[in-house]
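My structure is below; once you've seen it, I'll send some questions.
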Amino acid sequence: MSNHVYKNLELTGTSTKSIDDAVRGAIAKASKTLRNIHWFEVTETRGHVADGKVAHWQVTIKVGFTLED
Amino acid sequence: MSNHVYKNLELTGTSTKSIDDAVRGAIAKASKTLRNIHWFEVTETRGHVADGKVAHWQVTIKVGFTLED
Amino acid sequence: MSNHVYKNLELTGTSTKSIDDAVRGAIAKASKTLRNIHWFEVTETRGHVADGKVAHWQVTIKVGFTLED
Amino acid sequence: MSNHVYKNLELTGTSTKSIDDAVRGAIAKASKTLRNIHWFEVTETRGHVADGKVAHWQVTIKVGFTLED
Amino acid sequence: MSNHVYKNLELTGTSTKSIDDAVRGAIAKASKTLRNIHWFEVTETRGHVADGKVAHWQVTIKVGFTLED
Amino acid sequence: MSNHVYKNLELTGTSTKSIDDAVRGAIAKASKTLRNIHWFEVTETRGHVADGKVAHWQVTIKVGFTLED
Amino acid sequence: MSNHVYKNLELTGTSTKSIDDAVRGAIAKASKTLRNIHWFEVTETRGHVADGKVAHWQVTIKVGFTLED
Amino acid sequence: MSNHVYKNLELTGTSTKSIDDAVRGAIAKASKTLRNIHWFEVTETRGHVADGKVAHWQVTIKVGFTLED
Amino acid sequence: MSNHVYKNLELTGTSTKSIDDAVRGAIAKASKTLRNIHWFEVTETRGHVADGKVAHWQVTIKVGFTLED
Amino acid sequence: MSNHVYKNLELTGTSTKSIDDAVRGAIAKASKTLRNIHWFEVTETRGHVADGKVAHWQVTIKVGFTLED
Amino acid sequence: MSNHVYKNLELTGTSTKSIDDAVRGAIAKASKTLRNIHWFEVTETRGHVADGKVAHWQVTIKVGFTLED
Amino acid sequence: MSNHVYKNLELTGTSTKSIDDAVRGAIAKASKTLRNIHWFEVTETRGHVADGKVAHWQVTIKVGFTLED
């Protein structure tokens, strides 16, 4: 088995619904152009407030994918 | 356009239901006395355990709001 | 009242459903062998990706419980 | 039981005597105006030096108290 | 000499001109309502971009002031 | 001389008296079941407040001890 | 309104003049190839010294821009 | 597939030879009593010096293993 | 001399042999597509364990390279 | 008034008695050779254990003193 | 080419004018006694406030210089 | 036994060969002028790249040595 190299990107997903949904959205979007995403790590959870309510969640993740030869 | 100044406060919301709900509760409570809350950032997620289950979630957030003239 | 001593353990729960569910699973599992778990703190939120979707969430928590005499 | 919201403040106590005394002083002072302080966390321990001796200790704490309705 | 207690606040100043100017603006604004501000510490430097240029700087500072008796 | 392996545990001691006393209590308790504790490091200093006073100190330490063959 | 996804990049700008100028240079350069840069955060400020003077400043920023569909 | 729970331990390996060797020693030792170790992360690299040379390396790792039912 | 701008990427190299080898592999791979890599910084050292031994090392590095005009 | 430059040193004081005493010892020792020490900050609190008791405390501080012309 | 060893010092420069000026002052001062300073890194930016204005900036930097044979 | 005071210095060793070798070089160099170095801690691992290869490793360590009377 050869030694793989992975590249890690940072993305921020947004969602009006929940923290989990913001993560899922970012991964779905990234998967359209990047094959081979293997993992993610949440690095920041923020959000905007409007009218005294959470208007949308902003969750930043690092994603790792295989660099192909 | 003038240069704004924001003040940031740290709050801890609690919820028996979920992480997201604890955040929403803290923002709803703060909005009763503070107008102009614009954003929040989650800085700590903790909780209490009773009878082997999550009794309630405690989520600490920083919120930022405009200092009015 | 005597002075208690607590021990803190680090656990990683996994769930195909949500962040909250991964925490609940880790606490339920730990409670089978440890009585007196009082609190937890989330220290890391990661996950695996398969077919462009979150395959499962991995949430690491510290839990604290009373050392009995 | 309702879901509480806590507010966290940062204070710096000073003392010519000891680290512990600086913490106690900050909490005593804050308790004059804030009811319902529940906990504190030490976030920084510093001090001034004069004539080759500790002139006073400066200990910064975060304190959390209940936001009343 | 008595033992003082200080309170620390977090503010975010904004400026279209420079990092230094954003700090100065936040301190000028806070000084209108708080006497006895003694020090500050820069904790975050961010900004917004528009048309490929820095539209304004956002600098977050902690400020410490004496709690009066 | 062989190459040793150490295991590190995290404990939280509590004391109504002082920070130092909370550390001493945690080490005394741990030494009843663990031989060969060599060192500790303070990782967190917190406490509970009641009636405007420090009710008890909670000091978290990491302790290291030799894994025997 | 749809849920946006942002990508965050890390850049290091250099300038012989000032910290602010190094940030501006990095953003100007990045804007040649990336539309829709919205924000930046300064993550590191370093520099080289020659002949006892600051030869140039090196300021590292994270920039966030919208991933287009 | 069920949802697994992992436990994470902190160990410090020592070696007179190299950083890598200290890690390998800690894992070999832990594997005598713990089945199902899956991963490790290096959290601290230290060492002792004697006669102006590295006498031994001390490398602290976190290891994760499956909690069995 | 003009003011350069650098871009920083995060890569994870893997190796069955050693920490150093995982770094060298990631840099060799990245150099196939990126000219002008100047420096790297190790940000995380992890690994997988199989049969009680280090199966492979995973070392994450940040690399910086010149953005060309 | 001219612009001063300060130099910061890191010292570790040890004491068989208390955390505070270890800090005082380090400052007393440093003051024998360095005039103009102005402040200190505690950066690490550790200790050695012997016979199940704290044998001595090791407290690391940064001290700042004026560089004279 | 031989393998160099560098020593890193921490200095705090002060200036009534700007952040950049405080850094320049610290480097100019250090260069009077240390040849071969190569780089610096800003590690803390603070300041004193008087009469509601920044009285002076205090910027802490690490500087690295070659240890000569 | 008296209470010792230690001084901690930060050094950066470089090596064309390996991480371990860079640490050994820094300690050997420091030991020429400082007696009584007792321990070190690795605080940063970086390097330069030339022609797509690691040209040399730069490893920063803190070293602690006894201040003699």
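Just so it is clear, A, B, C, D, E, F, G, H, I, J, K and L label the chains in written order, and each chain counts residues from 1 on its own.
Following the convention adopted for this analysis, a contact is a pair of C-beta atoms (placed from the backbone, for glycine too) under 8 Å apart; a residue touches a chain by one contact, two chains touch by 3 or more.
Since we're looking at a predicted model, the values are computed, not measured.
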item: Lowest number of touching-chain links that must be crossed from chain C to chain H; value: 1
item: Reference chain H; chain at largest CA-centroid distance; value: E
item: Distance from the mean Cα position of chain J to that of chain D, given in whole angstrom; value: 23
item: Mean-CA-position distance for chain H and chain A (Å); value: 30
item: Approximate Å spacing (C-alpha centroids) for the pair chain B, chain J; value: 38
item: Residues within chain G bordering two or more other chains; value: 9, 19
item: Pairs of chains satisfying the touch condition; value: A-B, A-C, A-G, A-I, B-C, B-D, B-E, C-F, C-H, D-E, D-F, D-J, E-G, E-K, F-H, F-J, G-I, G-K, H-I, H-L, I-L, J-K, J-L, K-L
item: Residue ranges of chain I touching chain L (in the complex, touch as defined); value: 19-20, 23-24, 27-28, 31-32, 37-42, 63
item: Chain A residues touching chain I - in the complex, by the definition given at the top; value: 3-9, 62, 64, 67
item: Touching residues on chain F, where the partner in the complex is chain D; value: 18-19, 44-49, 52-54, 57
item: Of all residues in chain D, those that touch chain E in their complex; value: 9-16, 22, 25-26, 29-30, 56, 60
